[in-house]
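For reference, the structure is listed below as structure tokens.
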Amino acid sequence: MDISVRITPSLTLKNPVLSASGTFAYGEEFSRLFDLSLLGGVVTKGLSLLPKEGNPTPRICETSSGLINAIGLENIGADAFIAEKLPFLRQFDTSIVVNFFGTSEEEYVLMAEKLDIEGISALEMNVSCPNIKKGGIEFGKDPHVLRRLTANVRSATSKPLFVKLSPMVTQIGEMALAAQEGGADALTCANTFPAMAINEKTCRPILGNVTGGLSGPAIKPIALKIVWEVSKQACIPVIASGGITTWRDVVQFLLAGASAVEIGSASLRDPLCFTEIIRGFADYMREKGLKSVSELIGKLKTD
Amino acid sequence: MKEREAVVQDNREVATDTFLMTLACDFPPFTPGQFLMLRINSTCDPFLRRPLAILSLKGDSLEILYKVKGSGTSLLAGKRPGDVMSALGPLGNGFSTPGQDEEAIYIAGGTGLPPILALAEKVRRGRLIIGAFGENDIPLWNRISSIRDVHAQATTEDGSFGKKGLATEALKDLLHEISQPSIIYACGPEGMLREITEQARMFGARCEVSLEEYMACGFGVCSACVVKTSEDSRKVCAQGPVFDAFSIKWRD
Amino acid sequence: MDISVRITPSLTLKNPVLSASGTFAYGEEFSRLFDLSLLGGVVTKGLSLLPKEGNPTPRICETSSGLINAIGLENIGADAFIAEKLPFLRQFDTSIVVNFFGTSEEEYVLMAEKLDIEGISALEMNVSCPNIKKGGIEFGKDPHVLRRLTANVRSATSKPLFVKLSPMVTQIGEMALAAQEGGADALTCANTFPAMAINEKTCRPILGNVTGGLSGPAIKPIALKIVWEVSKQACIPVIASGGITTWRDVVQFLLAGASAVEIGSASLRDPLCFTEIIRGFADYMREKGLKSVSELIGKLKTD
Amino acid sequence: MKEREAVVQDNREVATDTFLMTLACDFPPFTPGQFLMLRINSTCDPFLRRPLAILSLKGDSLEILYKVKGSGTSLLAGKRPGDVMSALGPLGNGFSTPGQDEEAIYIAGGTGLPPILALAEKVRRGRLIIGAFGENDIPLWNRISSIRDVHAQATTEDGSFGKKGLATEALKDLLHEISQPSIIYACGPEGMLREITEQARMFGARCEVSLEEYMACGFGVCSACVVKTSEDSRKVCAQGPVFDAFSIKWRD
């Protein structure tokens, strides 16, 4: 039995379970709990060209079966990551996927160039960020903008490029195809949903930033539908993200068409869930007599 | 930091809406001020663990003291002996130990009591002030007032127990009395901590405060719980919850 | 203290709490549990020109803090409603909002004409239905289609017209404005989210219809954000729908900008929640010393 | 139909993963076959109530018998005396009463036992067949086998108790034996109910089946639980769960 999955000719994950961006920091804390080498891959906190401070607190608010975060993309910046965090991560026998973003096309391209270095396995481009130059609308909300952005980033790096889609769009398939045409190697489906929470006692928003992004099991049924939809339309691999907490969820997302999954919120609650999920997934494969993960991917029976 | 099963052994109301819970839990030793993230339920609502200070740990018997606020602590209050939860910890840095010739002053308001009591019970010398709204809001007074070599006093806003007034007023009186160098350990509402920091500054005392922030992970990976210090922004869960009071940039 | 809310010059709800469409049938079952006259309004199951059978079972699947339904708009049809159900509902001193849909613009218009009769207080137009003539894309997903549909329906009826938006769109504000320009009197925000569930044992979808719509507390934080967004952009009243289970939720949605709310999934779990919610809401108003509901609507402080 | 508090009085495992729970609950009288919708938790996950047949109701003491399947029934299995839930019911139509000169045959497979047992305990005459996989899957055999004037037999697939084989085979033998007109009351997996319906048709017996469908509301408002009958489509919760077996259009 082989639980590895090939994402691109140059990128094979040892198993389909990755950490998600923003809930794993740069891996150090988790490394004290378990051996990171058992992961299919580590996705880093989203990086920008310069260090970023993030939003005022409260930055997190719990909701029914989910949480809203408005961290504000706080990160140490690409240079500090390369100097201080990457060497640490490279000790482990796992794929290192660097999540990044910019506030202009130029910044995205600069980031892609800067991160085109040894030790990084792939880049994940977060496009749920406002394009400051274009009046603040998100890069991930207009297919033309997304296609161009992807194409420019594509030519700036030799790494496999994942484009992480914004879920709250009218036609997710159209966005997926735009990224694919731009040269994306894989599509991460999807980011958090715009959301908010209000304190009725104070009549104020709970989050310092007023709004944030909803994640966790609450959104899983929507994420599953998005993965199914996108994987029917796109011909590049889909990486699922949204509410995955158990090995059962992993199997469900693979059946829906994902090639791999990212675990975010669940690892905040249960930092050791990775080991359980990977073990449970391998057991499932064994019990079902499956030889390779490809026997699951997209194999949902809908007749 | 370890993740461990925590089996409820006892769970009793010791003040209004305030419960003392004993857990059987094979936990590493802790420093007072450290906390644990407790997963209270197995379903997804509530989803996150809850941060709770460690009050004591003797053998595999761990105590927490909590006030019922919302969904998580309500579920906690409904637990019975035998119920199983999951504890992650010990987390955070914890308080320092007072210097040999320093007078230790412990001061707690509201749910700030557990880490302060834990510290006083470890150091076993100094003076402790606990502030509450009324008599019924003071848990464990017998235990607090009988710590050897710790002189404890209570203040209540309604005057129903101890001195009428605020804990910070009692602190001021105390600081006037004391001549030797002192260190203040404080935990409680933010306004109280700011006031204590001011007094510490005026009286030239050292001061450590334990902060509360909304937390998601509790071990430093999500950046939910930051606080601004004079140097940079820090994670309360991993670089705190205890900070040098003078380093904190308090919110307006 | 007055807890009534004026939606249009001709429509004042006695309080801001309505039932939602599809979880209240035509009111008979609930009338055995409490007096429907205490409701701000009853929204009926979505009606079509002809009776409709609905989807194969399973039609419901529970998810974390939510449920996916794929009932398939089963209903008894407009004629049977008018003959058999409306007279019953009219006994109660409450507003009767009739939810309806069609599969072509003509059908929508015919429905609006047919329902322009005494005893009906308002119409709620569900536009989350595929436009069969236009290749199956939902009416609620294209602003031009929605504007025209609304305008045509508007001129076919004298009733106040609520347009119930589809939430899963790139720019919900654009859709809101389209409906407003078409002549809508209010906007219901919003319908369920496209979602699915998979059984990893059988490798099959759980729902007979494969996909369905997610509702319940899981989606509340997204619905709240949508209401806030839409009410900032539109100048007609917003009726909130999505995950409301307590009077606290009601207050939160009003603060975000809603004029009234609909309770759906929560009433499946707790059929008596209406009485508790309305009582809790009135108590809140009293304790806060509020004289009228308008002192809450849109009064979120974000400074 | 009423909504009532239901306070757990007893909750014990009576067969593999199968629990008998007694609830103190001020409930209106019920007809066997009727069920209740039980709200097991106060948080939002799981969100919906769970449909469970009423096994018995004596005074304000109500019994249910349930098998642990998923999240809801797992939570239920963890309840202790004193825990409070909410019950909505009685819901649905319930079984008819057998005619004076009709032989009543009760047949239950798996979790289909509770409504069937409730009926047999009310009618107190006739013959009962319970089918299970093995001995450990048969709950309450003492109780079942001692209902006055009800002759009970068990079948197990592995032969560990009663007759080896399927309940439907035992039914066939029984129908061969019986000469007077009979009515069959059945609850269990859909495949079993179809087979029973076939036999009833062959032997000219009347037949009522209690169906299970995924339910959300349980009282007829959401249209989740429809079943096709020869006339039209019906809501299992409100127009059932008991149907004339011959009216059902079984799924392929």
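Each chain carries a letter (A, B, C and D) given by its place in the written order, and its residues are counted from 1.
Going forward, a contact is a pair of C-beta atoms (placed from the backbone, for glycine too) under 8 Å apart; a residue touches a chain by one contact, two chains touch by 3 or more.
These figures come from a predicted structure and were not determined experimentally.
Among the remaining chains, those touching subunit C as well as subunit D are A, B.
Contact count check for A-D and A-B (C-beta pairs in contact): higher for A-B. As a whole-number value, the distance joining the C-alpha centres of subunit B and subunit C reads 47 Å. A separation of 36 Å divides the Cα centre of subunit A from that of subunit B.
Annotation: 53 Å between the Cα-based centres of subunit B and subunit D. Within subunit C, the positions touching two or more other chains are listed as 64-66, 216-218. Among the residues of subunit D, those in touch with two or more other chains are 43-46.
Taken as a graph of touching chains, this assembly is complete, with every chain in contact with every other. In the complex of the two chains, the subunit C residues touching subunit B come out as 64-65, 217. On the subunit B side of its complex with subunit D, the touching residues are 41, 43-46, 71, 75, 80.
Interface residues of subunit D, counted against subunit A in their complex, comprise 43-45.
Touching subunit A in their complex are the following residues of subunit C: 63-66, 68, 141, 168-171, 193-198, 200, 202-205, 210-211, 214, 216-222, 224-225, 228, 243, 248, 251-252, 255-256, 284, 299-302. The touching residues of subunit B, when paired with subunit A in their complex, are 1, 3, 39, 44-49, 86, 88, 213-217, 219-227, 233, 238.
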